[in-house]
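What follows is a group of structures, each given as structure tokens.
Here chain A shows up in two complexes: once beside chain B, once beside chain C.
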Partner chain A sequence: MGRWLRTRGRAVAPYGLGLGAVLVIPAVLGVIPGVAPGYVLYLVSLALIYAVVAIGLGILIGHTGQISLGHAGFFAIGAYTSALLTLRLGLPFVVAVLVAGSVSAAIGFLLGLPALRLSGPYLAVATLGFGLAIPQLVVWQGSWTGGSSGLHGLPLASLPLGAFTIVFRTDQDYYYLAAAVLIVLTIFARNVVTSHTGRAFVAIRDSEIAARAMGVDLVRYKTTAFALSALYAGIAGGLYAHLLHGISPEDFTVLLSVDFLTMIVLGGLGSVGGALSGALLLTFLQNALTRLPVVHDFKNLYIVVLGAILILTIAFLPHGLAGVMRSVRQRWAARVRDGAPRVDQIVELGEGSGVR
Partner chain B sequence: MSGPLLEIKGLTISFGGLVAVDGVDLSVNTGEIVGLIGPNGAGKTTVFNCISRFYEPQRGTIRFKDRDITRARSHEIIRFGIARTFQNVELCRSMTTLENLLVGEHTVVRGGAIRDGLRLPGVGADEARATARADEMLDVLGLTAHRDSVVSTLPFRLQKLVELGRALVSHPALLLLDEPTAGADHRESQGLADLIRRMRERFDLSVLVVEHDMSFVMGLCDRLYVLDFGRRIATGAPADVRRNPAVIEAYLGEPEPQVSDA
Partner chain C sequence: MLSVTPDILTDLPWGQLLVNGLALGSLYALTAFGIVLIFKTTQVITFAQGETAMFSTFVAFTLLTAFQLPFAVAFVLTMLFAGLFGALIERVVLRRISTTTVLNPVIVTVGLSLILLGTAGWIWGYEIRTFPDPVVGPPFHLGTVVVSQLNALIFLVTLVLMTVLFAFFRFSPTGIAMRAVAENRVAAQLMGISIGRMNALGWGMGTAMGAVTGMLIAPINYLDPGMMGDVALKAFAAAVVGGLTSLPGAVLGGLLLGIIDSVAGFEVAELRNTIAFALIVLVLVVRPGGLLGRHETKKV
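After this line comes the complex of A and B, so read on.
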């Protein structure tokens, strides 16, 4: 890990930014209670949970180059698996969330198989169909999924530690839980994308021909990328269900899938730190918009804004927030080193790098 | 091992009624540098794509190290010991030179998403070894100065060299080079020929090369195959092929060819 951070200087900035945010927010919001009201902590927890999905989706879209417009489906699978296991079978929260992640990963693997034959818009439509189908299946199987009214009264999240059991009662407790999960999964994602597996992912994105010629098994690595990103969405879904203590199919619309996509586009494709910042930013933006007094009766304002963000980001910030950070950092480094930016650095700014 | 390193028999493939390669026999012995030449559309790159298993031949067999690889999967080929470059460069454009060479070592490094994600013991050491091997190859090819440059910012000639390094770093037994001199001037081509010979000595390499530059091929290759409209029209030592009337008529179009840009 340490070696990678040192030898790959340009990879550090967005990562440091994201991880820094995760570490600074507890210091600000956790250590000084009273400053942060409960609903802010709840909102941050929600943002951190979405960030887990965004990081997983970033591995799939940003690194491997395989689009998914159906990640709300995996999020729903995780949420429902976890909710049903705790409610109906009385399984512990931790077990339920881990199983939720595994079930979602398994379905991600299966969805990855047709993806081998599809690309670009065709894959987008196929995954969109998946995302649309999941809430419909939930409603259809209403006898055990609660149908369109959903599942409610989920038990508090708890973590058994030997003789003790930590119960996450307050918004602050849950915030720490979400932050801990996010940090662990951020490091895991970071390790994957900066290693052998991550290089194979990016090789597939850059050139499937080259990847195959270099011995990358497309079947194995594409399904791995799908399973991995579904694992993240599934775990996040489990956390989400227990944050809200209840879920219903309308929590998992296609709009949520577009949310996830916008998060990683805004943050910067191919950047773990970018996915994190994008998730935090959009969650707060959505909340802020619903609180604007002038437009609070314009319920779909957020959708309009979301579309605008997508278009503007793609047009003006093709490498997202991570790209902005990188270019600022490189310009700064160049100025410090030799007084002026070098040509190759300027060229590199426009290109973006591979494995970050 | 008995027989040649690579042995192709009766290779035939057609695309929508057009026979691109028609019953071609070809072999490469251990240690040989063999050239595959012919006019545009003769089917040279198609032969490469059949060996790489990107194309499915309708008839014929491809044997490598006495093993039938005609139905192998494309990602397995490099594991058997055949690495290749591409006519128009297929690099991972967003990656640095070093990262591209690390991709070239894909089959050499142990994998596993969970192993990598958890940084299990051994991952760091594997990465360090892979990086050391890549650095050594960059040194051999004189690419060390471009180690951390994103490859799409490099001139085409250097990109070709990075691709060569990426193919060599897995230490293949057979190297397939698709127009290595593209984008190079005469002097650079001669440098490239020297480099390929040096690589043959250093890595016990056999080479099959598709090329347009006749003086390059004549100086480099031990043996030549000439394709025209998918058929093999001549084979033999460069000096003999150069005098072959069928070759002169089909490909060179002039009695005493020096350089062709066909």
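After this line comes the complex of A and C, so read on.
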């Protein structure tokens, strides 16, 4: 083992934590339903759904550098599309959620078009307005959206598989559904950000002019980033509507958009794993704060904590939790390397520092 | 079909809507002016403008009710408080934040607004309060149009503040120094202007402008921690529509937004924010720099 670490360790080490996560997370995910009570499972499902939004938002903000303060709007579009399709048209859950994602993506694409001409703060203001406008439009069109009282009594989520159909009845069933969707979408996001498209996104973030000079089609990739991130929020919205069996415009406030932003800032911008961990952490934190016996005024405390997380993360951990993990990983990798110096390390160290 | 439109148009009390809209618009203009002032001097667009204004308005409320001060005294003291508060925020928070990416200031000011919102909710609670009326008395009549004493005060305060600020930026050495910083930071620094001091001053003045809006809109609407949410969005829309880099643009945008808001509020009250959003997008697509702003082209 020791020899294997010395010879192969340097190649494996940087991926060690990632590999560990790949092995450990599914194991933990599998164990939770056995030990956790229903309420915790519900909470975890909610966290997993938020994580889907956070990953999508991370692609937009972290990778492409296009800010959105209105992602609750896309989340609402997904939730309402899927709720209306199942309630009013009786469409199957799977179809409704897929359509919800597509509708949201289409609107994301459309919002991406004016975003082509907006940068930084302008875009932040425009998307903030978008997030505020969606719940207003829902209330305005109350005759078919249910208005401010919302939509209730959504049918159970179900998945037809050939001859038989899985119906998601309990919190546990729903947890598996949310986990499965999250895993698929996480893998998809990781593939996208490491692909040609993902590199184009990063190029746009770092310098639009340089990206254009390198032949990156700004129109295509910016709208793609918006559509992709709206797709994630839309699918998550569809899942959310069915997890709660009902929705109302009050579920989709600006504060929710800020929640999503905080998740990815805390997790680390530009990291899929960061978005995931930020979403899980923040959802649990929110819940933990409501349970503090000394606090009667949970809402204010949560808002202040949220604000403090945003400011302190930007001030002290600009790369978020993912940045902390990265530096731990590098330190660990360096320690493994110490046993067996290699040629490039010698070159790296240079003459003055001497070879250990 | 053709006969419908003129009916609606003539049925609207245009004169009244215009006066109400201009009064509301003056308040949007003051907050928008603050946003643009902070943006021009510090290159940070603040998302905390609404919440600093709300916080200051609560301070004014405390001065008026707990200390029983006359309105004019409370007004001036609150402006001073807001000025110091804004400068403090710049010194303590924003100066420490790296502005290498546009995202950082946005995220940090959003965080600030949350902290202020939660703190105000914690201190003063969420019950809706009525803010004492600064002026009482019979309204003025201009033909069929009624101008309330409060609206008259709003026009007066806006006019006075705008004149003072115009003179300040035009004639006083400090005002000229602030414009120099907005124009070219490096050159201004080489001329011996302290960028840090100008940043703090910009934040202080911008925050004080927001506080004025808060104190004058609270008697119209109500007083609670969420009072500035919609107002700040309108002010943003105003600042962006007028051009984030133009102070007169902010005023123009504010007045425009106020009139649209007043007419839209009469017809489709539920959609006021949606209309503000649509307007932002429309103006930005047609003129990315806003009505009076400069569209900055980046040099490589």
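Just so we're on the same page, the second predicted complex is superposed on the first by the 302 of 356 C-alpha atoms of A that agree within 3 Å, B and C clash if a C-alpha of one lies under 4 Å from a C-alpha of the other, contacts with A are read in each partner's own complex, and residues count from 1 in each chain.
Please note the rule applied: a contact is a pair of C-beta atoms (placed from the backbone, for glycine too) under 8 Å apart; a residue touches a chain by one contact, two chains touch by 3 or more.
Please read all numbers here as calculations on a predicted model, not as lab measurements.
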Classify the contacts of A:Pro155 with the two partner chains as first (chain B alone), second (chain C alone), both, or neither. neither
For A:Pro92 in the superposed arrangement: first (chain B), second (chain C), both or neither? neither
Once chain A of both complexes is superposed, is A:Tyr302 in touch with chain B (first), chain C (second), both, or neither? second
Now for A:Leu228: first (chain B), second (chain C), both, or neither, which partner does it touch? first
Look at A:Ala189 in the shared chain and tell me whether it touches chain B only, chain C only, both, or neither; answer first, second, both or neither. first
Can A:Val202 be said to touch chain B (first), chain C (second), both, or neither? first
In the superposed arrangement, does A:Gly215 touch chain B (first), chain C (second), both or neither? first
Residue overlap on chain A between the chain B contact set and the chain C contact set? 209-210
Residue ranges of chain A touching chain C (in the complex, touch as defined): 61, 65, 67, 69, 114, 117-122, 124-126, 128-130, 132-133, 136-137, 139-140, 208-210, 254, 258, 261, 265, 269, 297, 299-311, 314-315, 318
As the complex stands, chain B meets chain A at residues 52, 54, 73-79, 83-84, 86, 90-96, 99, 102-104, 106-107, 109-113, 116-119, 123-124, 126-128, 130-131, 149-150, 152-153, 166, 170
What does chain C use to touch chain A in their complex? 39, 45, 47, 93, 96-98, 101-108, 110-119, 121-122, 229, 233, 236-237, 240, 244, 268, 270-271, 273-274, 276-278, 280-281, 284-285, 288, 298, 300
Would you pull the chain A residues touching chain B in the complex into a rising list? 1, 3-4, 7, 188-189, 191-192, 195-200, 202-203, 205-207, 209-218, 224, 228, 270, 344, 347-348, 351-355
